[in-house]
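I've put the structures underneath this note.
After this come two complexes, each holding subunit A, first together with subunit B and then together with subunit C.
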Partner chain A sequence: MGGLVLALLLLCVVGIATTGGRFATAGNITTLLALAATTGVVSIGMTFVITAGGIDLSVGSVLGLATVWASTLSTQYMAEDYGWWVMVVTALAVGLAAGLVNGALIAYGKVPAFMATLAMLAAAKGLAEIIAGRRTQLVEVDPFLDVFRADVLGLPMIVWIFVVVAAAGWFLMNRTTFGRRTVAVGGNPEAARLAGIKIKRHTLYLYGLTGLTAGIGAVMMLARTTAGSSTTGTLLELDAIAAVVVGGTLLAGGRGTITGTVLGVLIFSTLTNVFILNNIDSSVQAIAKGAIIVGAVLLQQWFASRERATST
Partner chain B sequence: MVDEDPHGAEQRAQQTPSLLRMSGIVKQFPGARALDGVDLEVRPGEVHCLLGQNGAGKSTLIKTLAGAHQPTSGEILLDGEPVTISDPVAALKLGIATIYQELDVVDGLTVAENIYLGHELATGGVTRRSEAARNTRKILDRLGHKEISAHREVGSLPAAGKQIVSLARALSRDARVVIMDEPSAVLDSEEVANLHRIVRELTADGVAVVYISHRLEEIRQLGDRITVIKDGRTVATSLSVADTPTDELIKLMTGRTVEYAFPARPGVPEGAEPVLEVEDLGLGDVFHDISLTVRAGEIVGLAGLVGSGRSEILETIYGARRSTSGTVRVGGKRLRGGVDAAVSAGMGLCPEERKSQGLLLDEPVYRNITLSTFARMAHGGLLDEGAERAAAREQVEALDLRPASVERHARTLSGGNQQKALLARWLVHGCRVLLLDEPTRGVDVGARAEIYNLIRRLADDGAAVVVVSSEIPEVLGLADRVLVISDGRAVHDSPADDIDEHAVLDLVMEGSVA
Partner chain C sequence: MTSSTTVRTRRVSGAFIAAACAALVISGCTSNEPREDEGAATGPVTATENDEAGDEVVIGFSAPAADHGWMGAITNAAKAEAEKYEDVTLQVAEGTNDVNVQISQIEGFIDQGVDAIVLLPFDGAALTEVALDAMEAGIPVINVDREFTSPFAARTTVLGDNYGMGVSAGTYICEQLGDNKDAVVAEIAGIDALPLTQDRSQGFEDALSDCGLDVDARVAAEFTVESGEEQTANLLSAEPEIDAIWNHDDDQGIGVLAAIENAGRDEFFLVGGAGSSNMMEMIQSGDSVVQATVIYPSTQAADGVKLARLIAQDKTIGDLASIGVPRTVQLFAPVVTADNVEEYLPIGFES
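Right after this comes the complex of A and B.
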């Protein structure tokens, strides 16, 4: 954990050093946080799934599908009549439903998580394309935009949503039976099963949770881009997985850290921000991202083996 | 060394020099002395049978010859020259091949690829596939199985076929000593006959076969000499198969040098209600027609060999496996469903493999202890870690779990303390029925006595306990009633006092060859 904070601070130092005063302005920090927020929310959900030993490759496409569904003309008309919450509920419902389908396939259909969520990735994207007719749907419900594009205490609403989701996620993981079950299932599914934990039902809830965070992310994306499109969220799952892994959650499962994920998200956002300010090519950015991921995992493994050697 | 045979074997001994000789082999692990002076002498062209109870040290002995372990002291001589078998590759190079019980073939590769795994025929990194296929066909033919195609995926073969592949691999290495660990356990009678034929052909070619088996009939049909291992030591060697009576063999295998202290059995009170009733339980062809009744305060032991189906019986009673026939009743009510139904009915299971089936190794002790009860202790979904820690501390004190911290990761505990933690889990939960699978495996002597006392106390407090153990004296000492399981059937059911170790061993070993 200390290492992550150090890495983040280092990046900030590099940011300040290379861009003069442009990094440390309130405006830039706000932009950075807004950039992190959507990925951050999805990464929180992903943390749970990975801690339990699973994976969800569909979150990006599901997010896209949710933005499309929530921004169709009919939904927007309904929202104008009944309130902006119609769009929010739609997005959350789509995310949750997709997640539950994933969960059911994985828990009861015994389909490996990788395959089930890969299939959902394709299916969700296809469905989104059909619904949107491959066009971008503009959000024109002013009440919705007013609420979600507002600034509260100087920070954009979507950043606050990230803060709330992160806090809730931390609480869920560390203070509730749900979190304990997640860690147990990831650490030793057989032992958890023989101890009486209902693994299948828990798996269903887990993927439902990830889908829900994708739905929340969709609301945030709609607010930020004022548009819903089937291409929204493409490859978002990779960013989420990267943040989770760099943050210290083991890909194999059994240990999860929400704080780590938050730091991981911030590290990548800061990196992107510094690169953009320095006008560095996005391809170089991608390489740097890759290097960070590998470096982080190697470090984690090294620490883990040291811990194991000294504890026996 | 006990040598019973004045003819044959002894005369042959004078004439044939030994191929492999182990002298005074000791293997010390931290906390356990698995081998305490093993002597073994194997001649070319003989079938040398290794006999010994579970826990006697047979598998450590095999692994030492196979290069998986290094002896702490002692000597291994091949053709009279001392050798060091530093790793499995070295063993194979020396001509020592091992056919394990858990067949070590790769399902995804073909027969030829498996046979040449590790020593592929290749020129500059490119494999010579047709040559490998040709040689494979020759070897398979020699083994009488030319119907197995060299290009067939091993995963599609039955267990017997995989064993042939394992054997073929040994032959492709020009093995001079082939060690076979209970090879007939996975075969039917026709396949066993074929196996025996192969063994005889191997020995006719001068290959020495070290054959581990519990089946006396098979030993009598196939073997030349016998060595008996007990408590990690050779107690008798060079016994002639033809001339040594079963009685004598069993006597050599049984009895312990260490006397375990078992807690007194107060006897089950007359009117005690049956808590667990199992009727005609069956699981495919793993086991069938298993019936047992356990009353409150009673300990029922399941004795038998590894592979006889006892663990599967426990798992099926617990709902971890779905039975194909029969019923399980707890307190008169029929159990329907999986593990959670059993746990709700008050059943608990301490599984056979503590580490892979029981514990969360990277979690603290208290979380392992409360794994079945944390939800109950929680308030509306919110964990009560204070209560969890308190409950764990109570158990740690009551069971004398060492070290006494509840925060240490389960991985850091010794085997005995890990077992205590598992028992503590069910003590916190409160059980009417407790199923224990090999509760003292890998546990040192001191901790064993404590665990026996714990189990007895649990029963005295009203639980119905079923214990599975491969160590016959343990089952007989601890249990009130004993069921002897052989090949998935109960062959004996009586109070523990009405049977002794000798008779149990007789029952489990007297299985037919198939």
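Right after this comes the complex of A and C.
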């Protein structure tokens, strides 16, 4: 954990040094946090799934599907008549439903998580394209935009949503039995089953949770881009997985840290921000990202082996 | 006392039933029918004697997947054009970004023995071979937008003017910024890996250097709303003072405008690209940073269909002195401003 904070601080120092203070302006920090917010929310959900030894490749497409579903003309008309919460509920419901389908396939259908969520990735994208007629759907419900594009205490609403979700995620992982069960299922599924944990039901809930965070992310994206599109959220799952892994959660499962995920998300966003401010090619950025992921995992493995060596 | 298995089954099925009910409820929200009839906008109507019915022709049409508004407009305009003629049967292949699939679609048209093929290839080079096969089989091919790599692969090519688009945008910005040599000009490009983006950027740069300006900051989005928003947010962060921005594409422009609004900046004016109805309406209303847009006609494929019909029926194109149909038709990239927006609104496409 200390290593992550150090890395983040180092990036900030590099940012300030190379851009002469432009990095440290309130406007830029806000941009950085807003950039991190949506990936962050989705990464929180992903942390739980990975801690339990699974994976969810569909969160990006499900997010896109949720933005599309929540911004169709019929949903927006309903929102105009009844209130902006209609769009929020639709996005959350779509995310949750997709997540539960994933969970059911994985837990009860015994389909490997990789395959089931890969299938959902394709299916959700296709469904989003059909519903939207392959067009971009503009959000015209002003109350919705007013609420979610507002600035509260100087920070955009979506950043506050990220903060709330991160706090809730931390509480869920570290202070509830749900979190403890997640760690147990990931660490040793057989022992967990023998201890009386209902693995299948828990798995269902886990993927429902990831789907729900994708739905929350969809609401944030709708506010940020004022449009619903099947292209929104493409490849988001890779960013989320990268952030989770860099943050210290083991890909094989058994240990999870929400704080680590948050730091991981911030590290990547800061990196992107510093690169943009310095006008560096986005392709170079992508290479740097790959190097960081590999470096982080190698470090984790090294620390883990040292721990094992000293504890015996 | 009920056994725990029954309780568990009940709980699980309960969850499923709840999910199913929720699904049914929200499935009512997938319609995209507008409440009022929006009244379809029609293109400019010019009828000539070429439009009178001739021999029956079957035209095969293949274009990439309509995953953004412009491409969707291409396909819709082509279909609408074909419907105007009773002597044309348009066979539309399912839009795809997979080069292999598109090649097999053309092979299917060749097998079928259509009278002409209108093709907007996902990648011009990759589809050149199969177009050559069609030409050799006696089927005239009309190449739209993305050029083949061989002149023998098409009877006629209908092109937009990517380089010219950049020039139009650069010239407009030069006119607006006058003699301010220190003006900060920014560019939001589309997918950098595509040759057309490089052409547009080159035209932009050349036009700007003609009046002593240059591109001070450039970011590349991906023609999508999300990437437009993200890249613009970063651009605005990096440049505290901007005088003019050229955004290559109005579809990603929705995200661009969202980012501009988010940042609360308006010290610059924005020039768009492609010509969506959305942007044109904003230009008309005059209360946003959008001052102009450069047309990249989404009617190219419709032109292709018209020309395919003329070629298949052995007719001559109207309004020219020469006989037959030209080899290349390169469309103009006009700049739409508040002065002439009424003229161009009918051909704007929905994002």
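As a convention for this text, the second predicted complex is superposed on the first by the 312 of 312 C-alpha atoms of A that agree within 3 Å, B and C clash if a C-alpha of one lies under 4 Å from a C-alpha of the other, contacts with A are read in each partner's own complex, and residues count from 1 in each chain.
In this section, contacts are C-beta pairs under 8 Å (C-beta built on N, C-alpha and C of every residue); 3 or more make two chains touch, one makes a residue touch a chain.
Treat the numbers as computed from the prediction; the structure is a model and nothing was measured.
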| item | value |
| --- | --- |
| Side-by-side fit of subunit B and subunit C on subunit A, or clash | fit |
| Contacts of A:F178 with subunit B and subunit C, given as first, second, both or neither | first |
| Contacts of A:T117 with subunit B and subunit C, given as first, second, both or neither | neither |
| Partner chain(s) touched by A:T47 [first = subunit B, second = subunit C, both, neither] | neither |
| Partner chain in contact with A:K198 - subunit B first, subunit C second, else both or neither | both |
| Dominant toucher of subunit A (residue count), subunit B or subunit C | C |
| Which superposed partner A:L138 touches (first subunit B, second subunit C, both, neither) | second |
| Partner chain(s) touched by A:T259 [first = subunit B, second = subunit C, both, neither] | neither |
| First (subunit B), second (subunit C), both or neither touched by A:T270 | neither |
| Superposed model, angle subtended at subunit A by subunit C and subunit B (C-alpha, nearest 10 degrees) | 130 |
| Touching partner for A:Y77 - first (subunit B), second (subunit C), both, neither | second |
| Contacts of A:A93 with subunit B and subunit C, given as first, second, both or neither | second |
| Minimum distance between Cα atoms of subunit B and subunit C in the superposition (Å) | 6 |
| On subunit A, the residue positions that both subunit B and subunit C contact, one per complex | 198 |
| Subunit C - residues contacting subunit A, complex | 8, 11-12, 15-16, 19, 22-23, 25-26, 28-35, 65-69, 71-72, 217, 219-220, 224-226, 228-230, 233-238, 240, 251, 254-255, 257-258, 261-263, 278, 350-351 |
| Complex interface listing, subunit B residues touching subunit A | 318, 320, 339-340, 342-344, 349, 351, 356-363, 367, 371-372, 374-375, 378, 381-383, 409, 411-412, 425 |
| Residue numbers on subunit A that touch subunit B, as the complex places them | 175-181, 183-184, 187-188, 190-198, 254-255, 308, 311-312 |
| Of subunit A, residues touching subunit C in the complex | 22, 27-28, 31, 34-35, 69, 72-75, 77-78, 90, 93-94, 96-97, 100, 104, 129, 131-138, 149, 156, 198, 201, 204, 221, 224-227, 229-234, 272-273, 276-277, 279, 282 |
